[in-house]
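Provided herewith is a single structure, encoded as structure tokens, for subsequent inquiry.
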Amino acid sequence: MADVTQQIGQGTFKPKAKTLPEAVFAWLLIGPAMLFIAIIVAWPLAETIRLSFMEAGLGGEEYVGLANYQDLVESRKFHQTIVRTFYWMFLSVGLKLVLGLIGATLLNAAVPGRALFRVLVMPPWIIPMAIGMIGWLWLYNGYFGVLSGSMMSLGITDGPFEFLAYKRSAFYSAVVADVWVGTPMVTLFFLAAMQGVSRDLYEAAWVDGAGRWYRFRRITIPQIMPVIVSMSLLSAIFTFNSFEVIWILTEGGPRSATTTLIIDTYKTAISNFKFGEGSARAVIIVILLGVFALLYLNVLKFVNRKYGTK
Amino acid sequence: MMDKYTKLQTVGIYAALLVFLTFILLPFFEMFMASLRPLEHLFRSPYQFWSDDFSFQAYSDMWDTVPLLGRYIFNSVFIATSVTLITMVFVVPAAYAYARLDFPFKNASLAIFLGVNMFTGAVLLIPLYRVLRSLGLLNTYWAMIVPGVAFLIPTGIWLLRSYLEKIPKELEEAAFVDGASRMYTLRRVVLPLATPGLIVVGTAVFIGAYAQQFLFAITFNQQRELQPLPAGLFEFIGYQDVTWNQMMAAALVGVLPVMVIFLFLQKYLVAGLTAGAVKE
Amino acid sequence: DGHAQELHFIMCGGEVRAADQAVVDQFEADNDGVTVNLEAVPWGTCQDKSLTLAAAGDPPSIAYMGSRTLRQLANNDLIVPANIQDDVIYQDGVLNTVTIEGTQWGYPHAFSTKALYINCDIVEASGQECVAPTTWDEMYAMAEGVVANTDSAGVGLAGKDFDNTMHQFLNYLYSNGGVVIDPATGESQLDSAQTRETLEFYGKLATVSQEGPTAWERDQLKDLFNDGQIAMYVQGPWGYGQHNEDINQLVAPVPAGPSGVSGTILITDSIVVFKGSGHEELAQELAQRITSGDSQYDLDSSWGLTPILDYAAMGKTDLYYEDGIWPNFTATISTGGPEPLLEDFKSLQSVFTNMIQGIILEDDTVDNLVTIAGEELADAL
Amino acid sequence: MATLDLNSISKSFGTAKVLHDISLAINDKEFVVFVGPSGCGKSTLLRIIAGLEEATSGQIIIGGEDVSAAHPVERGISMVFQSYALYPHLSVYENIAFPLRVQKLEKADMDARVHRAAEVLQLTDKLQLKPGQLSGGQRQRVAIGRSIVRNPKVFLFDEPLSNLDAALRGDMRVELSQLHKSLDATMVYVTHDQIEAMTMADRIVVLNGGRVEQFGTPMELYHHPKTKFVASFIGQPNMNLIPATVLATDASGIKVELIGGHQMALPVEAATVNKGDKVEVGIRPEHVALGDNGLEISVNVLERLGGVSITYGTIAGATRFCASLPGDAAIKEGEPMMLSVAPQDCHVFDASGDVLRRKSAPALVA
Amino acid sequence: MATLDLNSISKSFGTAKVLHDISLAINDKEFVVFVGPSGCGKSTLLRIIAGLEEATSGQIIIGGEDVSAAHPVERGISMVFQSYALYPHLSVYENIAFPLRVQKLEKADMDARVHRAAEVLQLTDKLQLKPGQLSGGQRQRVAIGRSIVRNPKVFLFDEPLSNLDAALRGDMRVELSQLHKSLDATMVYVTHDQIEAMTMADRIVVLNGGRVEQFGTPMELYHHPKTKFVASFIGQPNMNLIPATVLATDASGIKVELIGGHQMALPVEAATVNKGDKVEVGIRPEHVALGDNGLEISVNVLERLGGVSITYGTIAGATRFCASLPGDAAIKEGEPMMLSVAPQDCHVFDASGDVLRRKSAPALVA
């Protein structure tokens, strides 16, 4: 095998393709997606921002400067809506995270049947939200729904209870339904994160005498903290903009008890055709979410410092 | 031994799972029960768990009440599948660029993509309508596919990006040294390796597309034959009556294809999600 | 001429009635090369959809929708005025529902008035005689009796964030001599003693109503009525056919309040012709055809609607609405009031739901609620 | 008193039996190393001792007490994992303090113990760092720190050095040996690196395919391997095994002809072989010297390490032979060389791989 | 002709300069090894040669041609990555054929070349397997196969053996050396393992902090390290460095007093030091012998490797000293021993780490 190279490769090797400069190649790759978004979304977005400075309806439009924003800044109702929206978001996201953690822990437990259980968690994520909410409408019905029915037959209440009729109960009922929609995704992402935690760590802790709860608290939680944080941001954006749930259950009522920013925006822009005012609301949503995301990223930094490896 | 549970613990776990799954499946249970009851007995108080007149009648009647039901289910799956495929076509190269390449305005453009995530389709409906009309896409499948794709591209890029980052860079360098062009490398080396990631992201996009159809469908499409299931279900609402039992039956049947798909994919999904979830 | 033209016809309600379909088919047959693309859209999304299309500059040619949208459409120059032929004689008040400052903007096509349905089985089970109440006091007393002596609720109330919450309230308001908008000046008349009395009565009714009226809309009350959960509620003429046959129902005009006589809300849905579709002429023709004479009669009678035209005056005989429960629905036409025509009808609706939910949920006093509602309505005008 | 006795431990995963009836008696304060090729069951055995895995049958007795069903903490063991299994989100201090926090120790007491351990392991100035900021050797020490704070009776180590580079490995070997002395505890150590085994162990357990091949001191294994497996596993470079035929046997030993024709008289017990039997003669690379006659090796590769030169070659063109010669030996690649071997340094294995006992064992110094 | 010349190569990542003005002339068919501690820039330099990284300044000249801006393929190089970088989804056959497919070679031609390479590397029966089904050594060979099918002029290897365990590493070293001979190509090989460097290289480049410390044959580096860094990097166990004070200098050398009091006369060039200067005396562990006088070492740890015993101890209670003694040396842990050293085996380094040239260089055999 003295002249292996002669035998194996005759002739010199010619490169097939001239390589493109990296930046050009990168933009060739991103270009289509960018272009697509630009055509489909960017223009409507720009339009939304432009309209927010207009008094615009079905007819013409007229430049009004910051008047739309001024109205909102001065409106007590709008302030209440913002406060309510954040309350809605924190409560719902919080519950999703807690339930997601519990659910993921359960689905991660080494018990027979867990593959099936994992599939059974999926439906609320898969089913179109509009349809899922019709299911909840049924559940919440005081006369014909199973919840009120069970409460009656268990003697918790005398007569029917109409969940969506009262300001508080409607709000919390909507939260529960929203949590229901969002929990599967959170659960499955947490589950996946938990599966990524090295088994060694648990064994080490076990050898050191740590019980299940201790291991959960001191190993599982810190280990999946980055996922918890990133999921909660994603979930917060989804929840903030959660529309179908409220729209189908209560349309924002009773007495605005479930009117969040996105509902208010939709009502203003689409139902009432006050495009200008609606757009201003949409822009405010993005600003609020942007600020929130920024704050959150700082939290993320802190969390990374606390729970990270550096 | 660490994973061994005492009898009590096992019972506890199953009990907790029961509660958890009850919460998750309760509305489906309710929908299922409703689908079994004859319409005239749907509204009976007090609530009865069980009655003798349960039947699967609605499951056969629904095809008559809404003759296009099968078509709607097909449309739903078709639209979601198309959205998924097209989205992936856009997402894969872009995600690859963000995962691997260095270029001007990298972070800025990524931020723009993510900004799209914060606007929901709902507030952009009217300008969107104008765009679709000027593109001549109204009342076609495209009217539902195109906006779906647009709103799922950012999420897709975000999720897939962290996946591609995990593919050892050396593999690409090896291909580079061997004379492969960038596209050849992407096609022959990167994508085959990213298959689990593609499945994960594809599934997430599919579910997103499947659940997102309603608003776009009712606004951008007037052709009945093209409507997806959520819009089609409204046909169970007539002037006089809402045939709730059939509507519920149709909704449950409509979810079935996706559940079946997921059954096949779930092991990839669960194993692969971590990669997308954490940015490293 | 033989040019192929397609009329886009949005039909709100989610279903195309056979009577309308027949007219459309005939229309297509008579006009060579013309097709009508009939799109049936459920109420929940239909009007938003038509308006969205119009706002986006791609209006349907013709649409069947609630007359309440007319002002908005007209003010924004999205529709053309209707051209109602002289031989079409509407019932009293009907044209008011499509007329804005003297111009008629739509062809009224479906008309409803409301009356009180009473489940005599329940009333009698509570030990009362099943006689139609003529005043609010009588009505309340009957409902109270039901609550006291049976498991059922006295009355079904609609209070959800939905249009018919306002409609239901207006039945009582108009039965108490109330006015929402002064037809002459166009100003808000909501802040009045009549409104206060009505709202106060609503508050009283809420104490004898079904559980949680704020979660219910009118059409769901039917299910409660059928299930024997409520002894009475206000509904349109179609209710009669929807109620279980074994219920011994009594129909009566909405009882009169202390300051008025029995009335009803007059609601119409209209055919409107959109501007800029390119087929306005044809659309007008179709609209006229579908809303006149026999076509309209077929629809009304087959559907069981309050007669929209004065068919007697038009020379028809053997009319479907002359006997049975019908007098309860036709008698109040002349004393009824229109659904207020407001450009921003969603705001109008929320002014009312806010006020009504306020009293049902005991959030505020009648006085405050009415005062606030009056101000809000004035703002919205 | 922390003796550790294994009584007939067997372990199956499903149908695969990975440990066969293993019995060992480990003395108090002994440093025992498990070696063996990959997959032979070392980790499994260690995990069974730790209580992380349940034996299919057999008993674990620690300090005279049967702990087969006990929780790891109750067994009084601690374990250092191959991957260290440090908690990446906790500081060095918290990592070491972890077992004490579990015990809900008082703050002051805990503090004192952590600092004591940190001092011993020279980690005092690293206590506030996260594991990610430490070098490989420092991580190793944190893992050890975590295992010593709670004063276990038996330490278990699973290949703790396999992640380190050669230099650090050498240092850590020394540190661990010193630790063993200062802690005076029983230690069981798993490795597949025979150098580690030789340098650290009081006694070595050689495992092969889930069975104990030999259990003895390093020098016993080096000089008196019981089987061919042990002989070729212990010693670096590996022992050369040269096919040979028995020419004659007598009381003083056997006479063999090696492949290639060289004949030797070897002082081993000849009871189990007969004339004409095929045997293998084992010669360690370091037991040869350049000579004028003896084995003729053709040198293929020559590695000069400075202090020693290692040659790789073949006997009779086929059997590979490695020799380790002191200094810059005067040989060249591609040329033949003659090597002499002292007969008393040779090992002989019969066809089944068992050794013929050597009559003249070298004195054991250790 | 595949000479490889580096002219003043510098490389910065942002503000961090990781390679400083590196110039090397590598001969045709030479086997050159880059060694150095982690982070010294070995991989960076190799990647610059490969064309994977661009030098901040300087030229790469292969076979007399300036290829500084050329694509890897145009340079006629191929590279074996530390991790092998095999395509896990492709079979062995497809892995090896990859560069040929890129080239769109004809099927028959490609087939022939792949099979030829597989034969050379003894992979013929593995062609249908996926990399995941191969052992470490086989993977290594697939990676090499992929690099030889297209006949490169220069082979680059980045720590190809660092993933393997000790035994496999030894085998692979031998295989690579043989490959070098049979391929007759220029090879550049990166490692941080000095044993690999010593055993495989024709010449070694010692890198430190992005600079070339020394470039020479293994024996040159072993016997004539230019700096303290090279001296302590080459040789295993590491050279001992003992602080000393210069007592006198003259033409024959210098006289020093080592820490602990032992005095020695060392035959080195004394031009750069003066009486009273602090120097360090370097003594390799293998260059000592047990004696009656000389250095007094207290032995802390004793490792018996069979053929050799390694002791770790201290001089004067502080400076660490390692000795490698042949056989089972008669010493005990915890007891002192006396070691003698030949003066001509000692190295002397001045305060800046540069060596004082030794007058009596041992003969270089290689």
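Think of it as A, B, C, D and E in the order they're written, each chain with its own count starting at 1.
FYI, a residue touches a chain if its C-beta (ideal position, glycine included) is under 8 Å from a C-beta of that chain, and two chains touch if they have at least 3 such contacts.
A quick map from chain label to UniProt name: A = Sugar ABC transporter permease; B = Carbohydrate ABC transporter permease; D, E = ABC transporter ATP-binding protein.
All values reported here derive from a predicted model rather than from experimental measurement.
Novice: Among the other chains, which touch chain A and chain E together?
Specialist: B, D
Novice: Select, from B-C and A-D, the pair of chains that is joined by more C-beta pairs in contact.
Specialist: A-D
Novice: Roughly how far is chain B from chain D, centre to centre by C-alpha average, rounded to an integer in Å?
Specialist: 56
Novice: Taking each chain's centre as the mean position of its Cα atoms, how many Å separate chain C from chain D?
Specialist: 93
Novice: Between chain A and chain B, tell me the centre distance in angstrom, where each centre is the average of that chain's C-alpha atoms.
Specialist: A distance of 14 Å separates the two centres.
Novice: Would you please write down the residue numbers of chain A that are in contact with two or more other chains?
Specialist: 13-16, 19, 143-144, 160, 203, 206, 270, 275
Novice: Can you pull out the residues of chain D that are in contact with at least two other chains?
Specialist: 51-52
Novice: Of all residues in chain B, which are in touch with two or more distinct other chains?
Specialist: 2, 42-45, 125-126, 176, 179-181, 184
Novice: Help me check something: in the complex, which residues belonging to chain D touch chain A?
Specialist: 50-52, 71-73, 77-79, 81, 83, 85, 87-90, 98-99, 101-103, 130-133, 146, 150
Novice: What does chain A use to touch chain C in their complex?
Specialist: 57-59, 140-144, 159-167, 170, 250-256, 267, 270-273, 275
Novice: Where on chain B does chain E make contact in their complex?
Specialist: It is residues 168, 170-171, 173-181, 184, 189, 192-193 of chain B that touch chain E.
Novice: Please give the residue numbers of chain A that touch chain D in the complex, ascending.
Specialist: Going by the criterion above, the answer is residues 198, 200-201, 203-210, 214, 218-219, 222-223, 225, 306-310.
Novice: Mind listing the chain B positions that touch chain C in their complex?
Specialist: Interface residues on the chain B side: 40, 42-45, 125-126, 129-130, 133, 138, 218-219, 222, 224, 234-235, 237-241.
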